[in-house]
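By written order: A, B, C and D. Residues from 1 in each chain.
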Amino acid sequence: MSDSTTTVAELRKLIADFVAERDWSQFHAPKNVSMALAIEAAELMEHFQWLTPEASRDLANEPEKLAEVADELADVIGYSFALANELGIDVSSAIRAKMAKNVQKYPAEKYRGRYERP
Amino acid sequence: MSDSTTTVAELRKLIADFVAERDWSQFHAPKNVSMALAIEAAELMEHFQWLTPEASRDLANEPEKLAEVADELADVIGYSFALANELGIDVSSAIRAKMAKNVQKYPAEKYRGRYERP
Amino acid sequence: MSDSTTTVAELRKLIADFVAERDWSQFHAPKNVSMALAIEAAELMEHFQWLTPEASRDLANEPEKLAEVADELADVIGYSFALANELGIDVSSAIRAKMAKNVQKYPAEKYRGRYERP
Amino acid sequence: MSDSTTTVAELRKLIADFVAERDWSQFHAPKNVSMALAIEAAELMEHFQWLTPEASRDLANEPEKLAEVADELADVIGYSFALANELGIDVSSAIRAKMAKNVQKYPAEKYRGRYERP
């Protein structure tokens, strides 16, 4: 029941069923879901806003704070899947396509240890 | 190679390998990744900002625009997985735990067709 | 004491004094303030996320909800001024310069009633 | 023509005239403007995302980058004023009211040099 044995479709169905059981698809216009997603991304960011980048890494060792962050991350990914559900986007294909583009855009030998834009 | 046959771990590895091959983990402090994620969420939202909610649903039938949205959604989920990679969060467990909470918080019979906060 | 008699500098000083009295400038690295600003913008957006665009206009006639929105808007502009304070940006000049560019970019006769990008 | 001699009302009128001359108020439902504002806040944040907090302070000494940041900040404040225009909010009163609350919430002697939540 972890990431190695769970398909993306299983998680998407979890969201789809939750929405269907409440008849909430009527509120899930992509415009609205994109707002909800951005709001959750901000709530996630809130956990890091006054920390130094280094201190933000230490969160991995603070179980209580890490659980809060995991909770917000679940909201972000949950709304991402809700949007994919509404629009009929295959997430795995979209990520594979995007990463193939990124590999072209940022050749490993050229961008190793450098983070500028091309 | 679609969502029904792809595990979350496979997609996470795609991101992890991309980051490792470029030695970019040094830039991926959770603070920074949370900013990148929020920025991508805003870019996704940009596709819907001046549309009515109804028109935002029609995007499902416009292949070219839908591909652009899928591209932005891939960025959002990609950075979500990058954050999970940095902090060692199991995404599937986090989503299952959050949805269990949501089922308690929003009982289906009470919230059917209603979208208020409890 | 309203917008017609208040200069931008007076409001900026209100923020600057608040920060100085708490010795908070040390936390106000532009990176951090830009995060705080984006978070407040998301909290503002939260008031509108499930409303139709039309219903969002009606908020002007609901004093209680309007006061909440005014409160969030004050946070957004407050952090905008905090950022201007840290970086030494003259807000009035920046807005005048940007609006002059916008007038060029969106000629009134061409964009009347149309909202596309050039 | 700087912040010390410019009233908030003058800047708001600059935005209001720009919108009126293009007949764009029809697109400026508060919901839409709140999205535009959050998107501009993200574009502002983009300038700082991969910088350390310290490096983000140095931007004050890089005229070219500072001009870009000033440009994005103008967009954020511009949309903030556009929202105030649509909803009839007096910005100066809202900021004064919010800062009075903040002074109560964060007493200077208690929060000097500390940035936790109450």
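We adopt the following convention: contacts are C-beta pairs under 8 Å (C-beta built on N, C-alpha and C of every residue); 3 or more make two chains touch, one makes a residue touch a chain.
Not measured: the values here are computed from a predicted model.
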item	value
For chain D, the least number of touch steps when starting out from chain A	1
Of B-C and A-C, whichever chain pair has more C-beta contact pairs	A-C
Where chain A and chain C are represented by their mean Cα positions, the distance between them in whole Å	27
Separation of mean Cα positions, chain B and chain A [Å, integer]	3
Multi-partner residues of chain A (at least 2 other chains)	27, 32, 35, 38, 41-42, 45, 48-50, 52-53, 115
Parts of chain A lying in touch with chain B, wherever the complex brings them together	1-12, 14-15, 18, 21-24, 26-27, 29-32, 34-35, 37-38, 41-42, 44-45, 47-49, 51-54, 56-57, 59-60, 66, 69-71, 73-78, 80, 83-84, 86-99, 102-103, 106, 108, 111-113, 115
Interface residues, chain C side, partner chain B - complex	35, 38, 50, 52-53, 115
Residues on chain A engaged by chain C in the complex (per definition of touch)	27, 32, 35-36, 38-39, 41-43, 45-46, 48-50
